[in-house]
Structures are given as structure tokens and as C-alpha cells.
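Chain IDs A, B and C follow the sequence of writing; residue 1 opens each chain.
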Amino acid sequence: MAKLKGTGISSVNYPTGMNLGGDPTQALIHMTTTGTFVISLASCDLGQGLKTVLAQIGAETLGVPFENVLIDTGDTDTGPHCMGTFASRTTHRAGNAIIMAAQEARKTMLEIAADELEARPEDMETDGQGFVRVKGSPDRKIHLVNLALAGHFKYGKTVAGRGIFFKPNLGIDPETGKMDPDSTEAHACVMAEVEVDTETGEVKVLKLQSVYEIGRQVNPKLVEGQIKGGSVMGLGHALYESTEPYYPSPEHRPGGFFEYILPLAPDVPEMEIRVLEYPSADGPYGVKGFGEMTANAPIPAIVNAINNALGTEISTHPVTPEIVLQALDAKQSKS
Amino acid sequence: MSDQALNTVGKSELRRDGLSHVTGKTQYVDDIQFPDMLYLKMVRSPLHHARILGIDFSEAEKVPGFVRAFTYKDVPKNLYTILCLIGVGPDEEPVLAEKEVLYKGEQIAAVVAQSEEAAIEAAARVKVDLEELPAVFDVEEALKPGAPILKPWGTNYFVYEGHHCRRVRYGNIEQGFAQADYIVEGCYEPKPIEHAPLETTGCIAKPEANGRITVYTNTQALYFSMDNTALILNVPFNKLHFVGGTVGGGFGGKVDVIVEPIAALAAMHTGHPVKYLYTREEEFHVSSTRVAYRIYFKDGVSKDGHIVARQVTSYADSGAYNRHTPYAVTKHAANISGPYDIPNVHIDAHCVYTNRVPTSAMRGFGVTSASFATELQIDKIARKLGMDPFEIRLINAYRNGDMRPYQKVVGDATLVEVIQAAAGMAHHPLSERFQAMNSWDRANSPARPEPVSAEKRS
Amino acid sequence: MASKIVTFTLNGRETEVMVKPLTTLAKALREKLGFTATKCGCYEGNCGSCTVIVNGEPVLSCILPVEEVEGQNVLTLEGITPAEGLHPLQQAFHENFAIQCGFCSPGMLMVSKALLDKNPHPTQAEVAEAISGNLCRCTGYDPIIAAVLQVAAGSNGNQGGSHE
């Protein structure tokens, strides 16, 4: 009996969004007289940080500081329709809607600035620091608060914009499966290194090395958070987790965390991450959706590493100690 | 646009909700209290498949604090299917079971009481008279003649526009196999998985003075949940007001619409706020899981490692009802060829009903199973041919300009680049031929773009 | 069964709560006293989200009858949050993105504080072990461990806290 090491890889794609009735999401933006832009949505933040990245996308297009953009979401009385947070779609869909809305609001913002600065709208630019100024004359500038007050009290103009993402639903050909079910594709290659105890059947994941290509990172720390969190969730799927351990028998369902094993802090392997960025033509600033796939890629990489360590043909997950020992027995009886 | 021109995109701005999270001030559904709130607990089927002969609430009604019970007769449009909003049908899942239960844990009756303890006690005292029926748990057994039929349309599979499965047909599968030097077969079986967010699924429905119902919910999709709830309750959409957007973990587990319709119904009938929050045990025993699959592969492979034909027959276990699984199977069928260029493809992906807890959406929806199977299969092929696992993937990797089996041109391929970068990270040597590959190296590929350099930014 | 009054020190303040027998500390804090920073992910002592500190020890408040803390010193996340700014652990969790959905964060912060109060300079393995009773489904734990180690590296042994 021994502890055997193995390595395995997986290379995967993940499609952004779905073909759900146009997969629409709207965004509305308006500027209040405080100089703040409010982005109204009905999208849900599940923890991935969409309130943060959508404020970044809005601020970028408007040309104003991140701090001058509020995300107002989670209320169907005030937020326009969003299909929902799933299918790695929300940064892509809501992001595109926000860019569209922000471009409209920005146009009016620059017109008001031009009137105040006695210049032409096409000569206006934002400095990203809270001012609109005349190109080439950095001293001729107006602060967002003064601009907002002038727009409202002097010119009677709303600084606002409307945006929607919509992808026409072309249906599916029932004979051939011809369809257009997604927008863009993110990619990953994950390598796992494992150690398997052939006496107990226990597997320890020693290392996960991940390369992701996700179009563009809006917020690199949030990207890293998805990759690390997904890696550990994938580790749990690969080794521990099932609601029906003796599937297809429906018995022995776990009823709580005392029976359903999740990865714990001491199970976390060494993780190395690299992110490549080839901006997608249809994503906001080139974004591709990737939140879900971070839990997909580690599973086959880990199971391939186990098969590499043992010379087995395990083809299910989770790879529990019982599965490992059965596979070793099968291998022995074959040889 | 150049990177230098970007102001905030690309910067690791701190989380907008970070301060409220670290101080515990973020409000989740379970943190909301109303002084006159009632608690809803569910009477559930103890059997996998049974006929309902009768329900007796007389003992439950004697529990101090009992307010009222609800059965299917109280639900205006009791039969629904979540994806009806995008034209998927027919309606096939009851909000509360009518004459039959199809899975262990299925909702039969709701009990509402003045305290959580009273609701638990009253629900436990409801007597349900059941006649057990034969059940089926295996996806292939469910499709055999003689299996108990679970659906009124007479089969145990979802019907895709007249077909018993989602089909993908590309190239000529027989010619592909004829060209192959090897046939490599495999069977892959990912098991069902629980989402296990730290916050369980739940909502509070509160009647307002103006006759509307406010629903505080941790759904992942506010309008989706609201619209389904309005259809089930047969009320105008604008009678409902859904509030949420802050979710204590979702992973696809909070896109079914289970708690909101019955809580809103109870709120309308009692005039009180009603809370329906899954216990952890309910989250494990009756909330949807990730779909379990059985996936059969038959690949034709040439001596140089190209996969020239792929035939897949896949069985997804939808459990007793649709939820989101019919669409997951479509996504699965589209992606079961993996990120590889395979000229001849024949996919039959079945969405099968069994007497199991319904399965539904989970992180990776339809693709997790596809990635698992394709990546184990390609390693199996590499072992058979004695090839390097990096190299066989690079040989087969799709490129920009290629056609996917579902007849969409590949436009954003970067698989070659992530494999090459991974080989570099692992210090795995690649010969010059493999280093020279790129995702734009086909005759019909578009021009190769410049990547953004994340390293350049702060 | 008759309700009774339990008296204890909560975040440095004498506190009375009237409860039915066997009411848990978590329910008393959240539902009777309105201290909802303490979260409950399972109500059965298996996820760690409800961790509070009683007399310096991390305890699972969702399975502890509140009678057990009669006369004791109870510290919740509300109690370590200063009037201005953040506790060093809160700051480090925020800056290290050691939070995603936020639901496990209160328990993670309290168990980490209990660790650093006893062992101001833990190893990575000691941090992982200390938080191994607390589940997080989002972050993969790695950023949480990094945040705790960052505080330990910058600490002189005194973790502060406004109501010790």
C-alpha cells in the first residue's frame, strides 16, 4: 500500500448567457442634483460582486469617478426587468445595458457642460475625476455637482439614459439542433496534482493551477475570487459531494452538513492562477461571462489526476474512498 | 479602446457591499421580522410515489397558534412549469400535490401558525392517507416498457418539438466512423449535487394597505419569480412587489419558484406577513439538485489523434418535474462535443422523469456534465493512442472560423492559448509544432487580435 | 413552560431577555434583542455562521440555550465593530475580498478573533484549522486565511475590540 501521486488536466469552454426569449436585461440611469448617477436595475448580487462591477462599467462609460455611481437594484417597483442572475450572464447583459444607458446620459451631460463653458459639445471630455472640461483647455471645466444643478435649474434638462440588452431568439431546429444559444465563450485549462492513499482510498488535492481567458477583467480581485471559490467548489464536487451517494438508489440522502461533506479550510490546495484577456466583440469592454465555469474545470482535472495516479478508469464523481478502492480492485482483477 | 484610456474598468475596486458584510449589517430574508408575522411549514410526502386518498387536518387544527391550512384547492392555477414564461410547456408541476405525489418530500399541504414551533407541530399532526405506487429511479429503467408512467402525456421523457430527445446532427456520423482508425467508447456518470448556499431558500410575503403583496425574497431572478407567482395566484402582475437582490449564495439553487407563490397565497388569505424559509434539512432533502447524468460516448479517432466522429447518447435525470432541466439538456447537447472541432457529430440528449427530487439549475448548467465527460473521454483517447494530454487537446482544439456542431461559427476561441499558457505554468514541454499553434490559424480564421495585458495595469 | 428572564453581558452592556426554556442564544440575540449580525445557516450547529464569543471562547450560538450564558460575557460582531472605522479583522476581510455573499462572514470574523486573541501569530495551518468548523461556499477559504494572516502579521498581540 502506498501514497501515489498523479497529475491531470482539463481544457474547457463556457458559453455566456442563454437563448431564453431574447435573454433581456434593462438598465436606467439618471443623475440627481447631487452630481450622483443612479443606475436602476433588478439584477441580484449572489456574492460574486455585481453591484461593484456594474458600478465600474457605468462609471467608465459616463467618464465619472466610481464613487459617483450608485447601483440601485433588487426592487421590482423601481428596477426595470432583468432575466435573472444565472448562466454567467449578468455582467455581460446588464453591463451592455448600462453602457447603452450611460452613453445617452453622457451625451446630455456633455451638452449641458458645453452650454456652461460656452463651447461645442463635441469639444467636451470627462476627466474621470468628477469634472467635464474643454479638450485642450484643462482649466475650462465644470464639476458634476454644478453641472447637475445647472441642468436641472437653469436648462430644464434631465441627464438620463435607457439601455437594454436583447438577443433575438432564433429558436432551435428540432432535426439538427441548429441554434444560437449563447453570446461569447470563455476558456480555461486547469491542472490538478493529487495524492491518493491506496490503503484508505482517500484523495488529497495538492495543487490546482488554472489559466482562464475571460475577455476582459472588470475587477481582477473579484475575478480571482471567482476562480479560487470555484476551484474549491469543484474540488468538493470531485471528491466529496453528492445528495445520492448510491445513485440511482434514492436512499441515504444526507440531511445536513453533518452528512453532506463540503470542502473545509484545511482541504484548500495550493492554487496558482493566470488570467488571459482577449476582449470579446459583444461583451461590455470585452467581458466574457465566466463565474460558473470555475467550478466546472477542476472536476475532470482532479478525476484525470486520480486515474493518472492509479492507472484506473474512474468515470464518475464524487470520487469517494469507496470508489477509489473499488477501482483498484477492478484493476487488480483485470490484470 | 486602449487600456491606458480606462479609468476604473480593470481596477480592483473594493466591494460595494463589503462594509455592510463585514459589520453584519447586510439584511438577508431571515433577518426581517414583523410583529404579526405567521410561519409556514409544509406537509410533505413520505413516499416516492403514491396516490393521495385523503388529508385530515383535525388534529393539526387543535394545536394552539394554528391559523389555517392550504391545499391545492386554494391555489388558483395550481399546475405550472417555471419556463412557461419563455414558451416551454406543458404545465406539469403542482404547487401543492393534487391526487398523486411523484417524489419523497413533495409538497402536499401548507400549514400556517402564529409561531414556528406551532407550525412545525401542526404540520406534523396532519394525517395524509396514501396508497403507495411503484416507483422508478433509474433514467434508463424509466424509458423501458412497463415502467410506471409519471406524466399525463404517457411517457417519462420531455418532448422536444416532437422528438424524444434533444438532437444535434452535424456531418455524417457513419462516414466519420468509417474513416476512423480507432473507436473509443466510454460511459460517464456525474451524480446529483446540492448547491448548499449558506443562506437557505426563503421569503416573507407581506400584505400591504393598498391590497398589494410585498415579497421579500432571496431569489436569483426577481421578475422571473414574480411573474410565475402572479400566474399561479391568478393576480395582475402589478399586485405583486418583489424585493431582494441580496442573496446569501445561490449557485442556481434559488431560481426555482417554490416558496414565493405559497407564502404570497397565505399572506393574501390571512392578512398577515407569512414567512416560508427552508430548514437546512429541506434544503438537502427537497430543494432541487444538480442534474445527474448517464452519458454514453462513442468516438471515432484517427491515428494522429483527431476525433473524427462523436456519437453521444445522454440521459439527464430531471427527477419528478421539469423545473429548469429541459433547457439544461439543450445546453448539454450543444456543449457535449467540448471545445473541440469534430466534423461528424450525432447527439441524442434525453430529459427523463423519475420518482426523484426534481433537479434544476446549478452553476455550470448542462455544461458541467459535458465538460466532465468530454475531458475524461479525451484522456481515455490519449491513453489509448499513447499521446500527451496537452497535445491531444491542442490537436483537436476548435479555432476561430470553425463550425460548432450546432451550426454556429466559433468567434471567441482561445482554447489553444489557455492550454499553451497552462503548459508553461506547469513546465510541461511542448514541441515547436504545438507552440506555433494559435486560435486564428485556420485558412478561414479572422485576423489574430492583440490580447489585453493585465500585467500592465495596477 | 413558563418564560424566564436571563441576564448576561452583551457587548459590554448588561442585558436582560425574557425567553421560553431552551430558547437558543442565536434566537434570543436575533429575534428578541435585534442583534442580527449573527447569522444562522443551519440552526443545528453544523455551519459555524452563528459563532459568537462567550468568555473568550468561540461557541455555536444556534445550539446553546440562552440560560447557559446567565451571568456570562457574550461578544457578537456588533460588539467588535468600533464606533468609527473597522476592527482590523473587518478591514482585512474587506481589503482581501475575503467576503462574497457575506453570510458566513460574521461567524468567520468571530472565530478568527477568538483565534488571534489566544494565538496572535498563527501559522497558515493553524488558521485553517481554527476556521475548519465554519463553512464558506463562495470564497474557497483562501482569501479568508490570507486576511487573518495579514492581521496577525501586523499585530502586536492586541486585537482591540471595543467591548472586551
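Things to note:
The rule we apply is simple: contacts are C-beta pairs under 8 Å (C-beta built on N, C-alpha and C of every residue); 3 or more make two chains touch, one makes a residue touch a chain.
Since we're looking at a predicted model, the values are computed, not measured.
Simply put, of A-B and B-C, more C-beta pairs touch at A-B. The greatest centre-to-centre gap from chain C, using C-alpha centroids, is found for B. The geometric centre of chain A is 30 Å away from that of chain C, both derived from CA atoms. Distance from the chain A centre to the chain B centre is 17 Å, each centre being the mean of its Cα atoms. Between the Cα centres of chain B and chain C there is a gap of 34 Å. Counting only residues that touch two or more partner chains, chain B has 12, 14-15, 17, 196, 247-251, 280.
Those residues of chain C in touch with two or more other chains are numbered 42, 44, 46-47, 97, 100-102, 135, 137-138.
Each of the following residues of chain A touches two or more other chains: 46-47, 49, 221-222, 230, 233, 256-257, 262. Per the touch definition, chain C reaches chain B in the complex via residues 30-31, 36-44, 46-47, 49, 76-78, 81, 86, 90-91, 93-95, 97, 99-106, 109, 135-138. Looking at the complex, you find that chain A touches chain C at residues 46-49, 221-222, 224-225, 228-233, 256-258, 262-266, 268, 271. Chain B contributes residues 1, 6-17, 48, 83, 85-87, 104, 137-139, 160-163, 166-170, 186-194, 196, 219-224, 226, 240-252, 254-255, 280-281, 284-285, 289, 292, 317, 327, 330-331, 333-335, 338-339, 347, 354-357, 361, 363-365, 367-368, 371-372, 374-376, 379-380, 389-390, 393, 397, 405-408, 410-415, 417-419, 421-422, 425-426, 449, 451-454, 457 to its touches with chain A in the complex.
Against chain A, in their complex, chain C makes its touches with residues 42, 44, 46-47, 97, 100-102, 125, 127-129, 131-132, 134-135, 137-145.
Against chain B, in their complex, chain A makes its touches with residues 7-15, 18, 20-21, 42-47, 49, 51-52, 55-57, 59-60, 63, 65-66, 71, 73-77, 79, 81-87, 128, 172, 174-182, 184-191, 209-213, 215-222, 230, 233, 237, 241-245, 247-250, 253-257, 259-260, 262, 272, 274-281, 285-286, 288, 291-293, 295-297, 299-301, 303-304, 307, 313, 315-318.
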